[in-house]
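Note sheet for the following structure.
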Amino acid sequence: MDDVRFFERAGPFSLSEIAGWIDGQIEAGDGDRVVEDVATLQLAGPTQISFFDNPKYAADLAATGARACVVARRSAEQVPAGCAALVVTNPSVAFNEIVRRFYPDAARPARVWDDAPAGDSVHPTAIVDVGAVVEPGAIVGAEARIGRGTRVLAGSVIGRRVQIGRDCSIGPAATVLHALVGDRVIFHPGVRIGQDGFGFAMSAKGHAKIPQIGRVIIQDDVEVGANTTIDRGALRDTVIGEGTKIDNMVQIGHNVVIGRHCVIVSQVGIAGSATLGDFVAIGGQAGVMNHVTIGDGAQVATLSAVKEDLAPGGRYGGVPARPARVWLKEVAALQKLAHDYIAERRPQEKADGNGHEREHD
Amino acid sequence: MDDVRFFERAGPFSLSEIAGWIDGQIEAGDGDRVVEDVATLQLAGPTQISFFDNPKYAADLAATGARACVVARRSAEQVPAGCAALVVTNPSVAFNEIVRRFYPDAARPARVWDDAPAGDSVHPTAIVDVGAVVEPGAIVGAEARIGRGTRVLAGSVIGRRVQIGRDCSIGPAATVLHALVGDRVIFHPGVRIGQDGFGFAMSAKGHAKIPQIGRVIIQDDVEVGANTTIDRGALRDTVIGEGTKIDNMVQIGHNVVIGRHCVIVSQVGIAGSATLGDFVAIGGQAGVMNHVTIGDGAQVATLSAVKEDLAPGGRYGGVPARPARVWLKEVAALQKLAHDYIAERRPQEKADGNGHEREHD
Amino acid sequence: MDDVRFFERAGPFSLSEIAGWIDGQIEAGDGDRVVEDVATLQLAGPTQISFFDNPKYAADLAATGARACVVARRSAEQVPAGCAALVVTNPSVAFNEIVRRFYPDAARPARVWDDAPAGDSVHPTAIVDVGAVVEPGAIVGAEARIGRGTRVLAGSVIGRRVQIGRDCSIGPAATVLHALVGDRVIFHPGVRIGQDGFGFAMSAKGHAKIPQIGRVIIQDDVEVGANTTIDRGALRDTVIGEGTKIDNMVQIGHNVVIGRHCVIVSQVGIAGSATLGDFVAIGGQAGVMNHVTIGDGAQVATLSAVKEDLAPGGRYGGVPARPARVWLKEVAALQKLAHDYIAERRPQEKADGNGHEREHD
């Protein structure tokens, strides 16, 4: 099931051809090399091209198995032997163009139904197991597969090639796109799985959409609350681990990886590429910034904002989130300071009568 | 209408039988007693079983009309005469098991349609009054009732046994499950009413779903904004009082009771079992913690977090929410303290040239 | 396309007739004057009636082209020559009544389908261009127009008279009401466009709905994330400028005007009548209060609350949002003050053993 692809890939293309698209210079390597796909530095293999832009990932560059890598001039020497360097002015923008050429149909939301006569709610190429239920008003798209005992409730939409395991409950009125879903999963009404992540190559002329060619992997026994949104990955997958429970109206960005048996309370936002370990708990309305990692068993208080990595097992709170003991002391200290300040000033205000002005300082 | 039940109840069961499920010991009372249902301590009558776990509800235990109560050893003596005590190690986990046995079909989202031929959008057992409109693409489930003058707009889903009064407007694309809805109610697009509350018996091995067997009661003239979610109750009902207006993307947890003519602005979250009086106003993006009570006419500022009960009639703000006068003074004091601190340090920084370091303390 | 109206207008009515509805006194002007429509002071022309209530808009009153204006006694003299003054006790409540009389069908959500046989998913009066796709389970309402190359994906609902341009992607499961949409626009799953704004004339007896007769204008190349809600205007339009990208679960209130090429990250809330310039960027979970203006190119940090106008080009953060340099210094200063306070008190606590009490001050 891990091999399912949701977008048609063009190519292969030669390195010279690719260099031509982006006005790039091949520094190390042979222009005749054939490139079959795009990938992150970490995941790329010997037929794939990747890119390097953020110094934070220098170690990934050094260890990459990619056949070629798009880089800026200043980083060309960091490209390891065996990997061709494709030097450009702006690696992110150039790589975005390469992704668009390999995946031309990823630039806009895919059709659920493909060309087939309407009239039924299950596409003729979909496979719905005996013992699964597809209620009236639900749509099961092309090549989708629905496992035994699963209920696709009224008004839900299952996208093309989506696979849903056994004994799941979907909706009513949920949408599941570009996703592989395990067994006994519950998606409550209005859940949105697998739409495009929010990725744009921004510029002073406008913002170009970065194709989002990853998927969403939902493991067994996950429950997702009403109107929660989980975007699919950009180059890799968004993953929700086994047994994790997510409340209503939670936002989960592209490339997020959530471990097993986590609990995410309502209105939390988890930004792109954040990673949560197992048994992490996050209180309501909290936020997790992009690229941070939260260790196994960590607990984050309501309304906190996680801006840096959190160690496993601790309790955290505040903006930015820090160990709860420190946070609570600081909150108490500030409250005391404010009280003292107000108490000190009060008699003086009465004496000189300028209390009003002071409030508007 | 108050007698409508959405889940099939198994049983009745004898106390001995129940004790067997949960490895419990019958301390006071007769194992042959017949139990017909589960209920909260407050609501339980002489054929029902309840549980006691949280010392906060000791008075409810003392006054309960339940036939039997699941308790820990240390609380067995608090069970009043006439009520059998069923002693277990973990009352919450044990009671969860009992609820599952009484309501086996509540463990996963219910079917909207039940077994009936598809082809129409109104289930053959539903009753749609003359003068009500069900638009194309809308689904009205089994045994549902739609009152005169009500419009179920395109793509909306009305769940099994749901009752909707007169002159209501539902959707487009709203879902209404396990709910009893009054007259002249408006649910805007994407509203989610009556899905499972977020309740799990958590453990180091994973989190077991607590069946949510309550309902949602929406009184007359309520308006609910787009993509707002209102979960149904766990053992009792979630209630939205007459004339209350709720904006877009508000989250309302299970067992919440909101009074009449309240105004809840967008992106507010109200956690489980919170209670709001009449004419309460809550500003945008604020949060209300679980189990707190907000008195009649209280006004809570934008972005506040209500963590403790608020008295009627006051204005409140801040995190945690406190009287607005106190809050605003504290905010002003802290701002002044910060300004003073910065002003004091500035000349020194210039003098000793270590300002940069200080900012990174 | 700008002339499309979504609500049927009653009238015309004479000024005397209108005065009769609201118990108003005609101060300057002729009761026989004919009034054809309602409008804001800024937009009103010589056949329209407006109202004045908020001193902030005194300049708009002075410059209005309205034929008549509803005002309080104290403001009657501010009404310019050529504009009749209609004096009442409460101008907002009175004007609300006038709007209701002109637009009686705006008081509740409109039907998507109107009276026509069901059975098809495209209303017989809708126009779907050759080369547009309407998938199974989608509904295109009366008099709607769908441009060439546009995909209305499964389960989406296009409301009456809505116009959607070319090469757009809608849904699956999005709803678009009272809107005019440009070319190459993407609405992700669960997007809610054009429902009523949150407007009520509040009183101690309850809250009367203010009809929302504006529209939503979405310009070319806009992208809107999953489950985001954009309300239509009250008297004027809500506008999203060309190339603006909006993430998931963002709330945009009535009358909001967003410029070109803005970037709004997930879970942001923008309250009614706020105005954003071009190339504005707003970080996740931030809030923008009603009626504020944010200048071109301004950047607002995650979790900030914009309570006052922000100048173009700056970077801002905090609650309330202020220049980022000031904000970050203040945050650092408060943290230092808290640390100092805690450090100072620590030895004393150990000495007198009352640290515990102090924490509960």
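By written order: A, B and C. Residues from 1 in each chain.
Quick note on the criterion: contacts are C-beta pairs under 8 Å (C-beta built on N, C-alpha and C of every residue); 3 or more make two chains touch, one makes a residue touch a chain.
Model, not experiment: these values are computed from the prediction.
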{"item": "Copies chain C and chain B - interface residue numbers shared by over half, same or different", "value": "different"}
{"item": "Copies chain A and chain B - rotation angle from C-alpha fit, nearest 5 degrees", "value": "120"}
{"item": "Chain centre separation in whole Å, for chain C relative to chain B (CA means)", "value": "29"}
{"item": "Residue list for chain B, restricted to those that touch at least two other chains", "value": "121, 137, 155, 173, 190, 227, 249, 267, 285, 334-335, 337, 339"}
{"item": "List of chain C residues in touch with chain A within their complex", "value": "121, 133, 135-137, 151, 153-155, 167, 169, 171-173, 186, 188-190, 221, 223, 225-227, 243, 245, 247-249, 261, 263, 265-267, 279, 284-285, 302-303, 334-335, 337-339, 341-342, 358-359, 361"}
{"item": "Complex contacts: residues of chain A adjacent to chain C", "value": "108-109, 111-113, 118-121, 137-139, 141, 155-157, 159, 173, 175, 177, 190, 192, 195-196, 198, 200, 202, 204, 206-207, 209, 227, 229, 231, 249, 251, 253, 267, 269, 271, 285, 287, 289, 305, 319, 328-330, 332-337, 339"}
